[in-house]
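I have a structure I would like to understand better, so I am pasting it below and will then ask my questions one at a time.
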Amino acid sequence: MDRNQLKKWFKSPAKMGHKYSLHAIYFCTGCGIIEVPPSITARWDAERFGVIPVATPRQANLFLITGYVSTKTLKAIIRTYEQMPEPKFTVGFGSCPINGGMYWDSYNTIKKLDKYIPIDGWIAGCMPRPEAIFVAVTHLWTLIDKDMANGYKKYREKYKYYRANQEKIFGTLDWPPLFS
Amino acid sequence: MRELELYFGPQHLGMVGNFSITLNVEGDRIKKADANPGYLHRGFEKLMECRTWMQNFPLVCRINVVEPDHIELIYSMGVEKLAGIEVPERGKFIRSIYCELARVASHLFGLWAYANMLGFDTVAQWAMYHRDLILDLFEELTGARVYHIYIRPGGVRRDFPQGFEDKIINTLHSIGGKVPDYNATFFENRLFEKRAKGVGTLTRENAVKWGAVGHAMRATGMEYDIRKIEPYAAYDQVEWKVHTRNDGDAYSRLLAIRDEMIESVHMIFNLIDNMPKKGKVFAKTPNPFQWKIPAGEAYVRCESSRGELGLYIVSDGGDKPYRVHFRTPSYSHGLTILEKVLVGESIADVGNIMISLYVVAPEIDR
Amino acid sequence: MEELKNNIKSSFDKVKITITDNIMIINIDKNGIVTILSFLKNIGYKHLALISCVDLIKDNKLEIIYIVSAYMDNDHEFKEKEKRNIIIKTRIPRDKPNFMTVMDIFENAEPYERELHELFGIYFQGHPRLTPLFLELEYEVPPFRKDFDTRKFVKDFYEDIPAVE
Amino acid sequence: MNIIEIILSPLIALFTGIFFLGLARKIMARIHWRYGPPIYQPIIDIIRLFSQKAMSHGFIFEMGLILSLAGSILVILFLPIGTMCPLSTGGGLLVILYVMLLGPLGIALSGGEAANPNTSIGISRKFILALCYEVPLLLILLTVMTHYNTISIIKIVERQSINGWSFGSLPLLLSGISYVLILPAILGIRPFEVVGAAQEISSGPQAEYGGKYLAFNTIEHGLNEFIGIALFVNLFLGGGDLFGVFSRITNTVFGNIVGIIVFLLKMIIVFVMGLFINAVFPRFRIEQAIKYLWIWPTLLAFIGLIIVIIVN
C-alpha cells in the first residue's frame, strides 16, 4: 500500500472497502460459469483482488451474471438481485446478456438484460477468458472510485419502469414491489 | 419433527450449473426430492432447425459447456451418417485423441466439483489447475479455451501443429506425476471413504430400470461402454480396457472415474504411437452454403465422459436439419435417478450424490 | 437381426421393418406401442435411450419415436445384441395429440414424456405429473411444433419491451 | 490497572481473532498453490460490511447477535492472556464453561428469527456439535481442575510455570490429546465444518446475515477461534510462560508484554497446526461427527480423569 492508497482509505473507507472486497454471489446463470472456477482457483486466483464467491445474496455485493438468461432464470436473478444489500454491483459476463448473442432468435432467452435489472458493466465475448473477469474487476474499481457504478441507485429511481418491464415478461410477479 | 421445504438451487454454492432441486426434509433426512430443470432451456433443437448444417456447429458445442467436444463429435457423426462421408484414418485418430483429452479435462472438472461438495478445497484447486493445463493444449490446437468447434463432418478442422504430440505427452506426464498425491490426499483418505461409501447407492436392478449409463452403470459392475460396444473413431484400433467397480455407490463411481481417467491417459499414449504419421485429416465436403443432405434419419451414439450420448437426426433433403434430438446422459441421471436416489439420504449428501452422478444442467435443458 | 425381424413380423400385424447397419426401424400402429415395447423389453432391450417426436406438418401428423437398446447380459462380454438400436415409430393425429404413457414399462420415460407434453403439446394418458418441466412462459403454440416461428415470436415479444433510460 | 486490562484484553482478542482469519485465508491459499489475499483482507471485508445496508428481521435478530458477542467478550475477560487476566479473582473455569454456551445460544436466537430453513438446520447442527464437544471438554476441565486442585485458571497457569506444562506432564497427557482432538470442532474448521457448510446449507446460520450483522458475526467467529485456542494454550501449554526463561521479569511491565507475546506466538503455532488439518480433510456428516467426538476424545478424556484421580 503506497501513500496515495492510504490517503484514499482515510478519505472514504467505505468506498475502498467496496473496491477491495467484492464478494460475488455464486449463481451459475449460464455457460459462463465454466470460466469462474479457473478464475477463483490456483491458475488465476481471484482472491488476490478480494473477489470470492459467497453463498447467499445477503453477504454479497457483486453479481456476476454468467451467460445467457432464460426466462425462468430471469425470475431467480431478479429475486436474488433484490435480496442483495446496497450498494451492489452487477456485471454481465459474455455476449448473451448484452444482446442475446448466439441465442438471438431463441424463444426462451432474454435479450438485453439491462431492460430488467441495471448492469454496471459488460464483458463481451463468447467465452471471455478468465483474465477478462479481472479486467472487469479493475474497471469496476475505477467506476466505484468515480461514483459511476450506480446501478443500484438507478434501480431505486427507475424501479417503476423496471418492474413494468419485468411484468411484461411474466404477467404478474408473485412478490411485492421492492420500492413503492 | 417439522418438515421443511428446502430449495437447493438455483442459487446455491452446492449446485454446479443452473439446476434446482426442491427438497422436503425432516431434520437432516430427505423425504422427497423434486428436480426442477429448465433454467437453461434455450430450445437448441428448435434453433437448429432454422440454421444450415454447418451453421449449427457453434450451437451444438454449447449444449454442454463442461465438455463440448463430444457433442461436436456426435453431431458430426450424425451428419456423416446421413451424407455418407468417410473420415480419413488420421482424422479418426486425431478425433480419438482429442476426445480422450476432453474426457480427462471433464473428469478433472468433475473432481473439482465433487471435492468442493465435500469441502475438500485443496484437491479441488489442484484438479482445476491440472484441467487448465489441458485447456492450454486445446487452445494451441484450436484457438479457443472452452468452445473449440474442432471436429467437423468428414474429420477435424486442421492437423496437429508440429511437435504437438510431444506436448500432449509432456502435459499428461506432468499431470500423471501428481496421481500419487491425489491418491494420498483424496482417494485413499479415510474420511472420503466414510463420506462416500454407501451413499447414493444404485443397485444393478435400479440402474437398469432407471436407465443409468456411463460410469454410473460401470460402478455397478457392467462393462457398458459405447466405445467398446459400438466403436467409433479409432477406439477399435488400440488396446484398452473398461474399468468397473461393484458397489454402485458414490465411492465406487468416483473410483471408476479415477480409473477411467488413468486409462484415458494410457490410451492417448497408445493412440499417438499407432497413429499414421502422415495423411489427410478431413474428407472434402461440399460448399457449406449449398450443402443439401439427402432425406433420411439416423441414430448415432458415443460415450461422453458422462455416459451414452445419442443423437437422433432427421433430414428432409434440405439444407437444414428437419429435426434433431440429443439424448444426453444427464437427462435420466438428473431427472429420474437423482430424484429416486436422494430419498432417505442426508442433506449433506445432495451435492455429493449429484456430482457423483455427473449431472450437468445445460445438457438436461438443452 | 433377421431373426428378430421375423420374430416381430410373426407376432405383430401391421408392422413395417427396415434394417440399416445396426439400426432397425419398426413402423407400427399406435395401439401396438405398449405391446411391442414390453415385448422388446422381455427379450432384453431394457434400455430406453430416447423418446422423441417429429412434427410432420405436411401429413398433419406427429411421429413419436422410441429408441431402445440392450444392456449387457454378461458383465464382461459383448454380443451382437448390444450393438443394435431399435427405433419404434408411430404416428398420431396432429390436432388431437393424445397418447398413452409407457411409464409402466420404462420408468425413465417420465421426464421424456413431460418434455414432449410441454414442447409438442402431446397429452400422455396415465402420466402422474404432466407439470411444466422447462418453460416458464406459456406459448400459444407448443414451441417445438413447426408452425411456431421462433424468430417472429422473439420480434413480437422481446423487442417491444422498452429500454430503461 | 484493572480497567486498562478490561479494555485491552478484548481488543487483543479481537485483533488476534481477525488476524487469524486473514492468516487462515493466506495459508490455505498457499496450500492450494495460490497467491492468496493480503493478510488484512478480513479487515477490508469488515469495513465493507459495515458500510453496506443490512436487512434486519426484527429485534431478537439483532439482540441475539449482541448476546453472543457479549458472551464471547465475557469469556475473554476470564481468560488470562499471558499474565494479564482482568477477572482472575472470579469464578475461573466453571464460569468460562457456562458463558461459552452463550455464543451458540445467541446465534440460535437470532437465526430463529430469520426463519430461513438453511439457518434452522445450521443452528440445529451447531447445537448438536456443541453438545458433542462439551462432554469431552467438561471431562478435560474436570481433570485439570482435579489435578491442580483449583478452579482458577490463573493459578493453573502459575503452577505450570513451576512444574512444567501440563501437556508434558504424564497424568494430563491424555486429556491434552483429547483437547487436540476436539479443537477443530471448537474452532469449527474441517473436518467439523458442519455448521457453516456453504455447499450443503448455504453457510447455515450466516445465511440471513448481511451488512453489519455479518460483520458482527465475523468478529464473533474470530473471537471464538481466539477463545478455543487460548483455553488450550492456558490449560496445557503453560500460558505466557516459556520454560521459565523470563521468570525473573514476570512482575514488571516489560515482563507482562513478553508474556502476552509468547502467549500469542503459541496460539499462532496451534492455529497453523489446525489449518494443516483443515487443508487435508473433507467435512464429516453431522452424525459421523457425533460418533467420532463421543468415542475417541471422550474415551481419552475419561481415562485421563481416572488416571488423575488415582495419581492424586
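Every chain is named by a letter (A, B, C and D) in the order it is written, and numbering of its residues begins at 1.
To be clear about the criterion, a residue touches a chain if its C-beta (ideal position, glycine included) is under 8 Å from a C-beta of that chain, and two chains touch if they have at least 3 such contacts.
It should be emphasised that the depicted structure is a prediction, and the values quoted were computed from it without experimental measurement.
In terms of the stated touch criterion, the partners common to subunit C and subunit D are A, B, listed by label. Centre-to-centre separation of subunit B and subunit C, using mean CA positions: 23 Å.
One finds 37 Å separating the Cα centroids of subunit A and subunit D. Separating the CA-averaged centres of subunit B and subunit D is a span of 45 Å. Separating the centre of subunit A from that of subunit B, both taken as means of CA atoms, is a distance of 30 Å. Annotation for subunit D: residues touching 2 or more other chains are 32-34, 198, 202-203. In subunit B, the residues that reach two or more other chains under the touch definition are 12-13, 38, 41, 43, 46-47, 50, 125-126, 129, 365.
Looking at subunit A, residues 41-42, 54-57, 70, 72, 105-108 sit in touch with two or more other chains. By the contact rule set out at the top, the touching chain pairs are A-B, A-C, A-D, B-C, B-D. The touching residues of subunit A, when paired with subunit C in their complex, are 70-72, 75, 104-108, 110-112, 114-115, 118, 154, 158, 161-162, 165, 168-170. Contacts from subunit D toward subunit B in the complex involve residues 28, 31-34, 117-118, 120-121, 124, 190-191, 193-194, 197-203, 279-288.
Residues of subunit C touching subunit B in their complex: 22-23, 25, 46-50, 52, 54-55, 65, 67, 71-72, 75-76, 78, 82-83, 85, 87, 106-108, 110-112, 132-136, 143-144, 148, 150-151. Against subunit B, in their complex, subunit A makes its touches with residues 25-31, 33-35, 37-38, 41-43, 53-57, 68, 70, 72-73, 76, 80, 102-103, 105-109, 126-127, 129.
Contacts from subunit B toward subunit D in the complex involve residues 4-6, 12-14, 25, 27-28, 115-122, 125-126, 129, 185, 189, 191-192, 194-195, 346-351.
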